[in-house]
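Down below are the structures I want you to see.
Both complexes shown next keep chain A, but they swap its partner, so chain B is in the first and chain C is in the second.
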Partner chain A sequence: MILHPTVIANLLAAYIASAMVLYAVFYGAQIIRHWDIQNGHELQLVLERKTYLISTLLSYVFGLQLLSLFLYIFTADNLTPLFVGAMCAAGTLNVGSFGYPVLVLKIFNFIAAGLWLILNVADNQGYDYPLIKKKYLLLAFVAPFILVETVLESAYFMSMEADVITSCCGSLFSSERSTGMGSEMASLSAKPMMWIFYSSMSGTLVCGLFFYFKNRGGYLYAVLSLLMFVVALISIVSFISLYIYELPTHHCPFCIIMEEYHYLGYLLYILLLGAVVSGLSVGALSPFRQVESLQAMLPAFIGKLALASVILFALFTVLVTYEIVSSSLVITYEVVY
Partner chain B sequence: MIELVNVKKVFNAGNPSEFSALNSVSLYIEGNQVTVLKGPSGSGKTTLLSIVGCMSRPSAGRVKLNGREITSLPERFLTDIRRKTFGFIFQQPNLIKGISVLDNVMLPAYPLGEKRSHLKMKAMKGLSELNIADKSASKVEWLSGGEAQRASIVRALINDPHIIIADEPTAHLDTKLSYRFMEIIEKFKSEGKTVIITSHDPLVYESAIVDSVVKLRDGQIEASST
Partner chain C sequence: MKSSIKTGLYPAYIGRAARAIAPKARAARPTTDVFRPGTVAREKNVSAQRYPAIMLWLFLLVSVNVSYGEPAVTIKKTDRCPVCGMFVYKYPKWVAQIIFRDGSYYFYDGAKDMFKHLFDTAKYTPGKAAEAVRDLYVTDYYEVELIDAKSAFYVIGSDVLGPMGHELLPFKDQESAQEFLEDHQGKSILRFQDVTPDIIKSLDHRR
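The block that comes next holds the complex of A and B.
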């Protein structure tokens, strides 16, 4: 194990989050089983008091969970000099077998934690805890993933040895390689991918605005925002990175978080993650618009979430377009090596 | 108006010092009436009053206000009800030293965001009605006991509550001031307000303006008379 401050911070964050989530799940299970707002029994009143503590606690834990994704990427980037062949976070994550699985889990848990936080905000608007059971069911669903993430993250950092030979991002995200998801994404032709990105983004934004103004198509927007998130990630590898690096062969999605590129990657990923979380929450909250205690506020809240999602996707697109337009790289034909 | 169903309140539950202050209290308090909760020290009067006034939650049981169940409400909803529905008069005036009478009176209305000029007008009107308008600029430490009590009454009324809750209000007043206090309570009643008082002062529970007396002992209702 490498005793680097960022590694210790990652592990501490993971252990704290897991311990708190386990504690919350214990009481969450009681709430799912015994909650009955009509009942004045002692247990019900105890659960009513406990849910304040748990909700507050989970708000901080899931806030930490959101930050931990960026801390993990920052750590991977920071440890690069310790490994032979690593040029950026991509190489560090390739040390051992768990670097990339942990990253995928962190992205998944980021979205789930974000959804839980939004569900919690909506639940707190109602006078009769209208979403309480759904909130704790979501927690029960997310908890195993957070625990698995902690186990894998521990295994990843604890098995990490300095001076291990690893692959650089040029190799991992290369259109020349025939295997690996990174290479497959890098192999996608830039021009068609650009068309797919802009057309799907236009469709997503139109759908989001349609929902915001007409209050129809919420579920469709939630699905589109998730698809758009995936398309945007593929696009970063496929063509956006080329314009940022001004190199027709460099597809790395991690070098963009480095100082040389003004930490642009962090901004792009924050915009994307924010957009997908708020977009998905439109669909997640839509079934509860008719709940009596939420009727007055929920439609407006969902509308704000949709607008936030649209704005974040639009900002992402504007930023990407600016990078493409201001880049010295001009792709006029398909690069084949 | 206010309905309590099997309300229990246990302090330090599960500890050796566990104490049951209220045991399955069920009670209905009519609106626009003066109700007195009477009983010896430790009978649960103040605990019951604090639960009715949303200042504490029961360990079991439910409280309904105008038919709406309020014990399960999340804290921010409860705070809203507490601010707008209840006016509290405590045994001690509990005025904040170092600031003027007027500022003390206006304090509970600040979170509601009412315009200061309106608020000041309302506070001055209340102080005038209780004949202490001339003390509005005085610091509270300069007030006599009766004046301080009247200032605390004006403070309780600043948000125009429907229900006035008074905990042993005459405990620190002499007979003349106690009668004066009961006159003020009569005025509240004539204005359509509901008043709930805890007291073991005969001057209060034997007063003609009191509509019902609930006798408490050992955390239970011993008798109720109207």
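The block that comes next holds the complex of A and C.
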């Protein structure tokens, strides 16, 4: 294990989140089973008091969960000099076999935690705890993933040894390797991928605006925003990275978070994750529009979420387009330095 | 971001390291510092008044140095290896360089990546054939200075790792290559023409 401050911070964050989530799930299970707002029983009164504590606690824990994804990538980037062959986070994550699974889990948990936080905000706006059971069902669904993430993350950091030869992102995300997700995404040719990205992005944006103005197609937008998130991630590996690095063969999605590229990657990923979380929450909240205590405010809240998602996707596209236009790389494979 | 590291034959800070490691080599190459403006200015002030002969000597030395056509270029903070995308300024001890006939040049973070580029110019620099390469340089592992890649001796299979893992360690003469091979469990010494794509591949696959 490497006792680097960032590693300790990661593990602490994971343990705190897991412990708090376990505590919350314990009471969440009782709420799911015994909650009855009409009943004045003693247990109901205890649960009503507990739910304030738990939802406050969980807002912080899930806030921490959102940050921990970026902390994890930052750590991987920071530890790069310790491993021969690593030049960015990609190499560090390739040390041991748990680096990438933890990253995938963290992205999944980021989206789940974001959805829970939005559900919590919506629930707090009704006077009669309208979404309380759904909220704790979602928590019970997310909790195992957070626990698995903590276990794998511990295994990853604990088994980490310095001076291991790892692979550079140049080979992990290279179009010449035949195996691996990274190289498969990298070998998608740039031009068609660009068409797919821009056409699906315009479709998503139009659908989002249509929902915002006409209040129809909310579920479709939620699905589209999730698809768009995946398409955008593939696009980053396939062609956006090429333009940022101005190298015709460098596809790494992690080098862009480095200082030399002005930490641009963090901004791109924050925009994308924000867009997908608010986009998905449009679909997640739509079924509750008819709930009596929420009728007054929920449609407006969902509208705002849709607008936020559209704006974030649009900003992402503008940023990407700016990088492509201002890049000195020309995709007809003539590199100009 | 745009700040650059001045180099004569190699970056200034490598110069210092090289002098510390190899004072003899430094003595044998008195012209090295002439490219560093600060040094030139100081020497000028002393000599301009009292030692015109020294001035003449300095002038001659500068012109001799330039006429060798050594790579008097600057490694900028933005220079990246076209093969792996690494920033080259981070690994000054491993720098390799290819200069094309049209004057364009590329840096690498090790001889291995330089060879990769050389073996597949169509991939890394489309439109520039291997025949268009004018000069090739690698950094001598002991002297930490750029030397002609074609006349260098490369040790493979040693226990010394470069930024990209197993490397070809370049030396300017057979003796230092042999010494390194014995000190660091090297496997063999190769000349430039002996290096093949298969050898590069075997370096990448060695764990």
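Methods note: the second predicted complex is superposed on the first by the 332 of 337 C-alpha atoms of A that agree within 3 Å, B and C clash if a C-alpha of one lies under 4 Å from a C-alpha of the other, contacts with A are read in each partner's own complex, and residues count from 1 in each chain.
The rule is short, and it goes like this: a residue touches a chain if its C-beta (ideal position, glycine included) is under 8 Å from a C-beta of that chain, and two chains touch if they have at least 3 such contacts.
A quick note: this is a predicted structure, and the numbers were derived from the prediction, not measured.
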{"item": "First, second, both or neither for A:L66, with chain B first and chain C second", "value": "neither"}
{"item": "Touching partner for A:T249 - first (chain B), second (chain C), both, neither", "value": "second"}
{"item": "Contacts of A:G40 with chain B and chain C, given as first, second, both or neither", "value": "first"}
{"item": "Contacts of A:E260 with chain B and chain C, given as first, second, both or neither", "value": "second"}
{"item": "First (chain B), second (chain C), both or neither touched by A:A76", "value": "neither"}
{"item": "Chain touching more of chain A, residue-wise (chain B, chain C)", "value": "C"}
{"item": "Which superposed partner A:S171 touches (first chain B, second chain C, both, neither)", "value": "second"}
{"item": "Where chain A meets both chain C and chain B, residue numbers", "value": "none"}
{"item": "Touching residues on chain A, where the partner in the complex is chain C", "value": "84-85, 87, 165, 168-171, 245, 247-250, 252, 255, 260, 262, 333-335, 337"}
{"item": "Chain A partner contacts - residues on chain C that touch it in the complex", "value": "1, 77-78, 80, 82-87, 104, 123-127, 161-166, 204, 207"}
{"item": "Residue numbers on chain A that touch chain B, as the complex places them", "value": "37, 40-42, 44-45, 48-49, 52, 124, 127-129"}
{"item": "Residue ranges of chain B touching chain A (in the complex, touch as defined)", "value": "5-6, 8, 57-62, 71-77"}
